[in-house]
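Please read the structure below before turning to the comments.
In order of appearance the chains are A, B, C, D and E, and numbering begins at 1 in each one.
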Amino acid sequence: MLKVDRIQVHYEGIPALHEVSLEVNQGELVVMVGANGSGKSTTLKAIIGGVTPVSGTILFNEREITREETAKIVRMGVVYVPESRRIFGPLTVEENLLLGAFTSDSEKEVREHLEHVYQLFPRLKERHKQRGETLSGGEQQMLAIGRGLMIRPKLLMLDEPSLGLMPKLVTELFKTISLLKEEGYTILLVEQNVREALEIADRGYILQTGRTIHSGKGVELLQSDIVKKAFLGL
Amino acid sequence: MLEVKNLVKAFGGLVANGDISFELQEGEVLGLIGPNGAGKSTLFNCIAGYYKPTAGKILFEGKDIAGWPPHLVTREGIARTFQGMKIMPNLTVEENVMIGAFCRTNERQVAKKEAREILNLMGLTEFGKELPSGLPISVQKRIELARAIATKPKLLMLDELAAGLNPLETKEIIRTLQRFKEERKLTLFLTEHVMEFIMTISERVIVMAAGKKIAEGRPEEVARQDKVVEAYLGERYAKGR
Amino acid sequence: MGQLLTDIFFFNDRPRFERVGFLIFILIILIFPWIVTSAYGRAVAIKFLLFALFGLGWNLIGGYGGQVDLGQAKNVGFGAYATALMIVWWKVPFWLTIIPGMIIAAAESFAIAYPMFRLKGHYFAIATLCVALVWKELFIFWDWTGGARGVEIPIRSGADFVYMQFNSPIYYHYFIFFLFLLQFFFMNWFRKSKLGYAVQAVRDNEEAAASLGINVYRTKVVNYTITGGLGALGGSFMAVYYLYIDPDAVMPLDLSILIAMTVMVGGAGSIWGPIIGAAILIPLDMYLGAWLGAQKRLGIDFMVYAVIMMVIAAKEPRGIWGIIERKIKKETR
Amino acid sequence: MELTAQLLVYGVLMGLIFALIALGLSLIFGVMNIVNFAHGEFLMMGMYIAYLLSTFLHLDPLISLPIAAGAGYLLGIGSYHILIHRILRGPMVAQLFGTFGLMLFLRYLAMYIFTPDVRSVKQGILVGKTLSMGWVNVDASKIFSAGVCLLAFAAIYWMIYRTKLGRGLRATSIDAEAAKYMGIDTKGMNALAWGIGGATVALAGALLAHFYYVTPTVGMLFTLIAFATVALGGFGSILGAFVAGIIIGLIMVISGQLVSELKFSFIYVVYFLVVVFRPRGLFGW
Amino acid sequence: AQKEVKIGVILPLSGPLAPIGKSLKEGAELAADIVNKKYPGIGIPIAEWEGIPGLGGAKIKLIFSDSRGDPAWGAEQAKRLIEDEKVVGLMGAYQSAVTKTASVEAERAGIPFVNPDSTSPDLSKRGFKWFWRVTPHETWFTRDLFDFLDGLVAGKAQGVKAVPKSELEPLAVAAENTEWGAASLAEIEKFAKERGWKIAESFKYPHKATDLTSEARKLTASKAPTFLFASYVSDAILFIKALKEMKATPRLIWGQNAGFIQPDFWKTLGADVNGIVSRDVFSSVLGKVKPEADRINKIYKERSGFDFDGSSARDFIGVQVWAHALNAAKSTDPKALQKALNELHIPGKELIMPWKGVKFGSPFPGDTNQNELGSGIIIQYQGYPDGKPEIVFPFEMATSRLIYPFAGWK
């Protein structure tokens, strides 16, 4: 479904990604792990069109989207929940969620998804009239994820969704993600909770200074020396 | 050293901190945990002067600093870092830290020396002349920490310093912190959702939920309490322990 | 003391090419009136130095402080009026009028700074613009300032160092260059001072600055006050240079905008920015006006100027200094 | 008493025009946080269109309203695509500078083409007609303009707050990058904001041409008032622009009676006072 | 090669006053052309010249410079013209504020500045040695106004019965808040006091206003029958439109030149200008009493499409003064020119203006180098849109009957 082939990305002439390749197949949950600054977020941004690779290609459903506009890519069914959350501060929680469904044309579906999100995060329902910027850090994270679930994306990309969530919610989050996968969502996940993420992942990629240096089945990776040493500090 | 008495902070109708009281001894490491939205950052903000408490007292070394503006609180000796960093993007890393050091000196040379020393201790010397915006989050977090330490605080408050770091990086930052704590005789007050961090470093933990303090004690004890598990930690941790 | 002098006069924290560049610049300005004999060329150089001086002052709030102030003309006006009125009323020597002018401008800035700094961004920009326009209208309205009829300083013949009136532009050249250097070295000290760093910290992130013990509000107010005082210096010069001032001439919106633009074109927040900006904009404006103005069809000079402005804003929003710095960085890498 | 009532009428009628002029500025600011110094020049273009159509094609200025609006829309979109999107990434000063350049360019382009002469629309059903309503005589075209202003405001308000397109615009205005992730074509939204901004101000220009003169330098007078209007109402707020426009119209007539010489000062002082107590204007968030 | 004499002309060619600057420039250009080429049959000496006879037929070359309406800019342009363009003298600069700074440069450099077009009384009271003003100034014009008013009361106006003073009193005055407007207002107030005319309302308003409804209402509310204005063209238009909107019924509307005599004024307002009077220095109908003026007007109209008016006439005469001075000096040496200008006497018949001539002296207390033979006229718009500005004052020079009272707007 998604095929990233040796992309290279620069920020103002300074390379952030040297050579990143990865693949996500229909229905899969793929996890990307890597140290801080290894280029995980940049990879997701390149896919969604937030930054443009200087070389390499990105294919989505056989179509090249390397240089496509973000809005078009989103309309093709790719949803991205950014690391920095990017809540629309002055808008209410509910307005934020409705914006998540901007590309959807069916009023009914939007209502359904809204209910679904409120079920997933009752906290949001409680606060649905509060302005986004006054939510606590964790609440904002829930809102960001909820907003990503307001349409049924072909590919859901989550960038460190557990950031700032309390342990209980982190556990729940991973449950939710597995649940979504079971529902048939295709998910590309970036996580620092390496262990939990790899446990539920089908496959994983390891990034190091802008390169995909390793890939494999989720559980296998978890056992591998690289992961143990570099991420878990065992 | 720090004594919070019956602190209340309300936003309109929403009570983010309802009657919080606790004490913090010199040299202690106190952890603060609690569900998202429990009011931890609000409490930090009240102490550091970013919010004016609705009611209650905040005694720091005997002085009631409740309602003081942030810069005076810092000058009294309380430094903080922010949840979601606030780095000064157009100043170099060294200048970021220098500005912290200026809190205690008027001499540029002194501030510069101090900044270099702290950067060196943190292993950040190589980034000194760079602008912080392009640096990885883990580095930015350390810069923020360095900057706070440069103000020569007695009490250092850290709001989710380890968020976004992987377990290895978390371990590193714990080590750095502990070193500074020893060398500079810091008292630490921190909040964190990463249990590996908070449970390792804290000597005592306060648990908040829905704006109230619900538990207090040594980390292992607190983590065993049912209400904490239920409100905050979740089953995974319950099982784990 | 030694440290203070070093901080004022030295650039040892800056790369070598900057120090060399500055020396060359000083040399050029020193010999300029001897190699350029065109009166207009000399007038351009004087106006360039005047606007470089204005730019250096405005850079304090606009560059280091990151606040867009569109009202600097009011301070220019205070300086110009202080000098002109004191000379006309009481025959006070020029040099004794500078400080009162700066004090008046600083005091006014200080007084309005408190309400002003409740505002941010565009609200602040428009408020500064409004305050300056109100002053301008008041100066037109009042009779004691000469109202719309302005103030004329009587001509003196020969070279008069008490009232700073000269027949030859060469004197004015060195006179404004002297004022420019005063301000320049002040800025050189400022950018390295504790206050200078505080101002920049506040610009970058107010909350973080406060957490480091910086009194955000006070920093802004002090900065704004100094900016006001510095603006008046150039105003005093204008009074004895043109010998006639009126509110439309010394406190119009166009002047505020031009001052801000020189800084922006050169590169805000750098000590070289205002100089580079003035070196580009002033000659450009003046020569376009001389060559293309007063044609059969009017407006070409402004159109060319406008296009150049738009291109700079689009291509190099961080100013010419940004380009130079990047080039040098690349070469040294 | 009669005088007061008359002044109120004149003030409100003029205020509505100010409001319509400010509307586009507010909208553009709201969506992309940029102050457009060339706004008054867009107005001037609208006025020239009404003038040209009336003088050379003998079209009633009423007919030129939609044409002016259309041309204003194109001018707005054109400015966006040629200049504005390039200066958006820069700091605020650079943006001011860029639009200031645009202002100078349009103004002197008009001077080049039309010479500095003062012109005005002379024919039209409403031009120069005065309506007598007992105690007050009012130019018929001012009443008509007021009606058009109300309609335009209602339409834009509805669009921004009641339609999905409007929600997209608002999202873009808050965080363009995040809006992109929602699948919103933010470039399109920006261009749209400029288009609507240009259209409304050109429409105001065509209305103004009924009772106002046209010259290449006419824009700046209105730009400054529009700035004060928008800031007073709160940047980005439609309702704010509306209310502030009327307030400013009223201040103008009242101060015109008191100390005419200082009438702009009255506006600026009111702005200053309001904003000191409400730092984001009357209706700003 | 042809000998040339360069004269620098500083005018407001861009900015809000550009419309007037354009008229001034065209007037000067025509005069230079008439000096340089033979225009037989006009009836004034310079038309017979081909270049300046006293300088061996040297041609006048005008070097224009835009003042942008900015005193500082004007001063810089003056410097450029003086030293870089090496002009023998300067002319301009319309706005008194610009004239002030630009003439300082001429004074310092010691070259002549001939000012045909600024009317602030201050200018000729500075005791400059290198500054000569050709046009009458505001004091004069205001005296004319009150002579006119007193004349009406005395029944001197052709075809109008003596008007009781109570019918014209009190006066209401609106002046723009510029150097010129302020000076005008001050003069009007001074003369009103001297001549015993009551003023019901007088105020300054911000020039280049967006709206003058309130100010117009203030005038009508004063119930004064006579409205006096000192306004540039855009404000003049707004005032008249607003008064019309309010169906105001003054008996007399008088404008202090400037906006009220610009072609844009009557072109914009059309028939609404009928009956309005304005002070001026020239009218195309002068031809009726001064045939030379008519001939000039014809040529001018061919070149620019408009009638010759007060603005173009003033810079025309400026160039004419320059030509005569150069001719008399027989040299371009500043000292010689200074002497020539000081001693210059052009008799009225050699001018197209209805003046007694040009001769510099001290007509009012404090004046130096001020033309003492100039005078103003008052014109009235009659029969527009196709009409002419008819001369109604001086009464003996009137080209048409005064329409009084003002008939109101349809």
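In this text, a residue touches a chain if its C-beta (ideal position, glycine included) is under 8 Å from a C-beta of that chain, and two chains touch if they have at least 3 such contacts.
For clarity, every value in this text was computed on a predicted model and none was experimentally measured.
Asks: Which chains, if any, touch chain A and chain C both?
Replies: B, D
Asks: Taking touch as defined above, what minimum step count separates chain C and chain E?
Replies: Step count on the best path from chain C to chain E: 1.
Asks: Out of every possible chain pairing, which has the most C-beta contacts?
Replies: So the chains sharing the most C-beta contacts are C-D.
Asks: Can you name the chain that lies farthest from chain C, using the mean of each chain's Cα atoms as its centre?
Replies: Farthest by centroid: A.
Asks: Taking each chain's centre as the mean of its CA atoms, how far is chain A from chain D in angstrom?
Replies: Their C-alpha centroids are separated by 43 Å.
Asks: At what distance in angstrom does the C-alpha mean of chain E lie from that of chain B?
Replies: For chain B versus chain E, the centre distance works out to 77 Å.
Asks: So what's the Cα centroid distance for chain A and chain B, whole Å?
Replies: Computed value for the inter-centroid distance: 28 Å.
Asks: Hey, how far is the Cα centre of chain C from the one of chain D, in Å?
Replies: Centres of chain C and chain D (C-alpha means) sit 32 Å apart.
Asks: So which stretches of chain A touch two or more other chains?
Replies: Chain A, residues with two or more chain partners: not present.
Asks: What are the residue numbers in chain E that touch two or more other chains?
Replies: In chain E, the residues touching two or more other chains are 14, 18, 22, 177, 204, 206.
Asks: At least two partner chains per residue is the criterion; list those residues in chain B.
Replies: none
Asks: Mind giving me all the chain pairs that touch?
Replies: Going through each pair of chains, those in contact are A-B, A-D, B-C, C-D, C-E, D-E.
Asks: Which stretch or stretches of chain D touch chain A in the complex?
Replies: Counting only chain D, the residues touching chain A are 164, 167-168, 170-171, 174-175, 177-188, 285.
Asks: Help me check something: in the complex, which residues belonging to chain A touch chain D?
Replies: It comes out as residues 48-50, 69-71, 74-75, 79-82, 86-91, 95, 98-100, 102-103, 147.
Asks: If we count contacts the way the header does, which residues on chain E are in touch with chain C in the complex?
Replies: 11, 13-14, 18, 22, 25, 64-66, 68, 70-73, 75-77, 79-80, 82-84, 97, 100-101, 104, 107-109, 120, 122, 126, 177-179, 181-183, 204, 206
Asks: Which of the residues in chain B come into contact with chain C in the complex?
Replies: 48-50, 69-71, 74-75, 79-80, 82, 86-91, 95, 98-100, 102-103, 106-109, 111, 147-148, 150-151
Asks: Quick check: in the complex, which residue numbers of chain C touch chain E?
Replies: Residues 38-41, 43, 47, 137, 140-141, 147-150, 152, 155, 167, 169, 238, 242-246, 248-249, 286, 289-290, 293-294, 298-299, 301-302 of chain C touch chain E in their complex.
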